[in-house]
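The structures considered in this document are given below.
Note that subunit A is present in both complexes that follow, paired respectively with subunit B and with subunit C.
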Partner chain A sequence: MTNRNEKVYQAVSSAIVIGLTLLSAIPLLYAISMSLVNEQEWIERGGFILWPQNPTFIAYERLFQGTAVLQALGATVVRTVLGTALVLLMTTLAAYVLSKRNLPGRKPMLFFILVTILIGGGLIPTYLVVRDLHLLDSVWALILPGLVDSWSVLVLKQFFENIPGELEESAVIDGAGEVTLMSKIMIPMAAPAMAAIGLFIGVGHWNSWFDALIYLNDAQWHPIQLLIRNMFSSSEIGAQFNNAGQYNVLSPVNRVSAESLKMALVIIGTLPIMFVYPFLQKHFMKGMYMGAVKG
Partner chain B sequence: MLNTLKKRKARVAASLICAAMLASACGNGNGGGTAESSAPSGSAAAPGASSERVNIELMEVGWVNTPVGDNDPYKKWLDDKFNVNFKLTALPAADLEAKMLTRFASQEPPDIIFTYDKNQILKLQSQGVLMEDVSPLLEKLPSINGALDENAKTFATMDGKMIAVPRPPEPGNWTVMVRKDWLANLGLETPKTNEELMNVIRKFTTDDPDQNGKADTWGISSAGGGTSLGEIANFQGMFGQFHGFHIQNNAAAHAVTTGVHKQFLDFVKTLADEKTIDPDWYTQGWEQRKPKLFGNKIGIAWYPGSIVAEHESLQENKGNFVDVWEAIPMPKGSADGGVRGPNGLVNGMYAISANAAKDPAKLERIAQLLEGVSYPNDGYWALRWGVGSDGQAMLDLEDGFKFYTEATDKYRKEYPGAWDYGTWISTSRDKVLQSTADAPNATGMKQLELDEKAKGYTVSPNFNDLLELDPQLVSEVAKVTEEFQIKYILGKETDYDKFVETWKKAGGQRLLEEAEKQFKAMNLIK
Partner chain C sequence: MQRAAGVNATLPIGRPRPSLVVRMRRYWFLYLLFVPVIVYYIVFRYYPIAVQGILAFKQYKLSFGIWDSPWVGFDNFVYAFGRPDFYNVLENTVIISLLRIAFGFFPPIFLAILLFDLRSSWLRRISQTILYIPHFFSWVIIYGIVFAMFSNTGMVNQLIAGLGGNEQNFLMAPEWFRPLIVGSGIWKEIGWGTIIYLAALTAIDPSIYEAAKVDGAGPLQRIRHITLPGIRPVVVFLFTLSLGSVLNAGVEQILLFYSPATYEVGDIIDTFVFRQGLNQLQYSMATAVGLFQSVIGLILVLTANRLAKKYAGTGIW
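Moving on to the complex of A and B:
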């Protein structure tokens, strides 16, 4: 009887979760589908399309004809890779050092880090600091202000503290210095937590646009999300991209609606970062809880 | 040996960290981040002249807001013509305030701000970071000054000082567009009253006006985007004035208190009850509605003359839909009705930063620039249409109209952000027909015809924009109204009198009293 109840419960839960998952997938499906239709199909099918009948990449062709989208994608990739690598480096260093209980001044240092989680300088003071460090109009303005993530430091610190002290002692006995200890023993053991944190940081960098809006007057380093935001607010996006190059052609088969262009932009801005998840999947769930559980 | 190796590794690691920290302190930006502190970049400047170049930055709400290329012919033209180092910063409206406030707070303001939002200028003015009174500057701008009326100047004036240079207002070219081929097919006349309009809408829905044998049409639609009634709100004009607070019978009034709003809601409620309005009218966005409108499903729309070009382009430009739309005046539903909403008193304003105003040479150059690029001067045609700056040309048409084709505009095809050089100066007074076609065609001429008709239809006077009302109260009252009106239309609320009381309590009464006070101060009410 218990087994039967259990099975019914599992079946109902699974049905609900699958239903919710499918519901959540509808907006993404809409975005993908709309990005693959031309204006002809958009008119004929009344505008809300979940499955294109005549898929075409015309929207993507139009977006990549100019240099703006590619330039923005390049800027975003540079920012994300550089930013993630540096944040992970600095965060790991800080967490490792702070995990040493015999570190002089450990408590005040931890306090200063904790305080930044609760209190920030605000937009204008931060802008003034970035400006006075001569970082404006540079990719470093997007990376350095967030170089040490306080929450990640705390998670990683906890993780390092959970590693048995005997491991360290035996490594020291074998002649390992601090750098070897950290690079050859501690970091490999912390790989799951670092993978999870790296993913959060990477996604955060990929999705950021407000800092670029404030710190970059020159559009050279504008990330893709800022470009998407600007294009979404443009009333001319349809006219621009249906009048590119030789496409003065007026047939709706060779034209693309503003809605399709916008959805194609959404996919361009989303897909690259989504491809990162499968590679880090095995570390992700493990790393999520590693730093939180003691013992 | 092991110790030596360890020491070497430690030194290498320390060097790398120091290098990273050094690199982090040195950006490749220009440090100051403003035109003021950056070196002039104009390569065309003669060595002697480069020291005279003035850095001028303009920040605006753009149409496109995407980057322009390095070989920007519009910047080059501006730099050479006015001996400046011009920088254009175009932003979406939602982002302008954050960027602007950051720049002002960090003492690196742009020199000129172009915005449609007076509240943004008032905010900066109250901080003392804008030129206090631009009236002396206006005297050096005859092209702008000559096109301004007293209301426009009053709009830009506070406490006797002009806070920004107003841009001359635009005559509105939006009006009621009706499918005249459907009217002809059903033997109907152009509707002139609200009842005739309701009858036409009903027949458009039920009597197969496109004669395709299917019941697939609606009389009217809207595009509320899920947050408002959309452009159908303009049909309040059938019953009287509806733009904010206005003057009626020598007193401050509002459509909610005069009954105009209720009459309009009852009209739309009837459309919803009888299902003669497109069922997605409230939820769909502007772009999402287009397949229906230009797929021959909707018979009446609130649109400008470009409805013809859009319809044709979505129907393969075979010329079949050039002459199906007619621009008609707003039908009359009352003695005071039959009006379109008022035109804006101004079409944006140019504010000058206090920093720029302190420098007489820069201020003089700003005046030359603004005058030089304003219609009808050469700079206008250069920036707005690329004539003289990017090799574009105009074709003269009848009655002073001109034709511009995008077909030859290679730079702006590749860098659409360059259109934003024209955003801050554009005006329909230039009478330019813009088209993707190589030559003027029937579509373009029809568009011109409909726009000119629309401009001639009666508009209500604009009293509301003369007022300085508490934006928070205005927003609260608008929110209460939006929430109520959709419920009323759908039948979920029926007590309009109760809504009027709620509206008054939410701030409507205080706003009415304030409006009355201000109208009296302006001698508009005796």
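Moving on to the complex of A and C:
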């Protein structure tokens, strides 16, 4: 009796978990498949394509023929690399200083940072500050406003605090100054935590578009996510990428539907995330960010 | 800082504690490191807060700037609250937030329990790997995927047509807007939401489960008497916190999903501020609405924190 209950429970919960997993996976699979068909297959199969019969990279080829996607990818790489490096630097500085238990004024300094988790200036005042600093239309508008992440400061501070005090003491006895202590001992010890935080910050930078929408009129620094958003609302994306001159625009085999172009953009916008995802998963499974919930 | 003199007496070691100035001088390098952090917070976090508090009570004039524009008292608030669309916006904000909580809060708990109880570890690992992915996608990507599924040529309409039903204009129809917003939000976060509960579940002593099994407790009885009481504090904590942010209904997502056709059911405070402020250049009025949102939001979060302390035994601070 009891044994049967256990079996039924395992069967039912497995079924539900599998169902939910499929619900997660199918839209992704659909997006990938749609990005890999030409207009011919798209018309023939009525758009319901979970697995392409004649997979082709035509949508990607068309997208990379123009300069817009490449330029947006370049801008995104710059903002992500520069942004992540600077945020990591600043966050580490803040966390390291605040992890020194005997530092006079440590509490008010910590309070000074944590208050901003609760209250902020809101959209318009922040926009006006960025504008008055003449940062509009520059890549710095995408980097400077988010230069320190208060939550990450808390996580990293806790990590520094958990490094055994004896390590620090013995280094000081050996004559290490503050700079040596920090650069040769504490930061190498915290490197795994910094890598994890850097990954999350990097993903955040890669994914952002709202700041670019607000701060950049000029398309020069428009990141890939904003480009994708703009292309989704454009009705001319099909014409834009199919009538590029050397193609036989009449033959559906050589054409690609607007839907496929859009899905190819979606896939381009997620590729780096999928690439770092195994590393991300390794870190959050260890519960890195759990500790952050309670600072 | 004030304990410099007083604490000496209680220190077990007889050596007198150095004065504050001496101690601070010893740490000069660390203070130096902290200077850029302070500068950042003042310029990009505290200064905007001051601007918000000031500009909400001024009539912003481009030629005068923030500081020299004339004071107008509560005129911006009177104007904003007098607009008929403001109440619609307020209502949408609260309704969408509450819908998110009502439909989105419990599925991760349910899923976490199922994942935790699964005996097949490979199934658990594969499901977790897939279920967590959408959390790391931007809202633009989520919109793209929703578009692929629900546009007029999308998968769902193909299915409906195949079954002989009437195609639905999911992306433009007001009656589908909120289900689509809330549903895609759940789709994105259901997996990620399980993590905190899984952490709480692994903290439960496995021997309790073993003892219950020996005593003949079935799976549902174990959930009811061991699992649910075990995660109750986390559930109560997160639930109260979610109530604290009802005025933030998800601006990035809505900005992508809504259109003039769905303003009526989808325009929220943040999108209203965005349009009035940055499109219509009504900086003062938009700032006043932002200040209103900040103040109510702060009160809600503080209240939620007190409630969390009272009912879950733990607050955010």
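One rule holds for everything that comes next: the second predicted complex is superposed on the first by the 252 of 295 C-alpha atoms of A that agree within 3 Å, B and C clash if a C-alpha of one lies under 4 Å from a C-alpha of the other, contacts with A are read in each partner's own complex, and residues count from 1 in each chain.
Keep in mind that, in the parts below, contacts are C-beta pairs under 8 Å (C-beta built on N, C-alpha and C of every residue); 3 or more make two chains touch, one makes a residue touch a chain.
Keep in mind it's a predicted model, so treat the numbers as computed, not measured.
Enquirer: Considering only the touch criterion stated at the top, classify A:13 as touching first (subunit B), second (subunit C), both, or neither.
Expert: second
Enquirer: Who does A:173 touch here: subunit B (first), subunit C (second), both, or neither?
Expert: neither
Enquirer: Return first, second, both or neither, reflecting whether A:214 touches subunit B, subunit C, both chains, or no partner chain.
Expert: A:214 sits against subunit B and subunit C alike.
Enquirer: Touch check for A:71: first (subunit B), second (subunit C), both, or neither?
Expert: A:71: touches subunit B, not subunit C.
Enquirer: Touching A:137 in the superposition: subunit B (first), subunit C (second), both, neither?
Expert: The answer is first: A:137 touches subunit B but not subunit C.
Enquirer: Which partner chains sit in contact with A:5 here, subunit B, subunit C, both or neither? Use first/second/both/neither.
Expert: second
Enquirer: In the superposed model, which partner reaches more residues of subunit A, subunit B or subunit C?
Expert: Higher number of touched subunit A residues: C.
Enquirer: Taking the stated contact definition, name every residue in subunit A that is touched by subunit B in one complex and by subunit C in the other, in rising order.
Expert: 46-48, 123-124, 127-128, 133, 144, 147, 179, 210, 214, 229, 259
Enquirer: In their complex, what parts of subunit A are in touch with subunit B?
Expert: Interface residues on subunit A, with respect to subunit B: 39, 42-48, 65-68, 71, 86, 123-124, 127-128, 131, 133-138, 140-141, 144, 147, 175, 177, 179, 210, 213-214, 217-220, 222, 227, 229-231, 233-236, 238-240, 242-245, 248, 250-252, 255, 257-259.
Enquirer: Quick one: in the complex, what on subunit C touches subunit A?
Expert: 1, 20, 23-24, 27, 29-31, 33-34, 36-38, 40-41, 43-52, 55, 65-66, 111, 114-115, 117-120, 123-124, 126-127, 129-134, 136-138, 140-141, 143-145, 147-149, 151, 153-155, 158-159, 162, 187, 190-191, 195-196, 199, 216, 218-220, 251-252, 255-256, 270, 273-274, 277-278, 283, 286-287, 290-291, 293-294, 298, 301, 314, 316-317
Enquirer: Hey, which residues of subunit A end up touching subunit C in the complex?
Expert: 2, 5-6, 9-10, 13-14, 16-18, 20-21, 23-25, 27-28, 30-31, 34, 46-48, 90, 93-94, 96-97, 100, 102-105, 109, 112-114, 116, 118-129, 132-133, 144-145, 147-148, 178-179, 203, 206-210, 214, 225-226, 228-229, 232, 259, 262-263, 265-266, 269-270, 273-274, 277, 280-281, 284, 287, 290, 293-295
Enquirer: How about subunit B: which of its residues touch subunit A in the complex?
Expert: For this pair, the touching residues of subunit B are 2, 6, 9-10, 13, 20, 23-34, 63-67, 69, 87, 89, 91-95, 98-99, 102, 105-106, 108, 284, 287-292, 294-295, 313-317, 406-407, 413-417, 419, 436-438.
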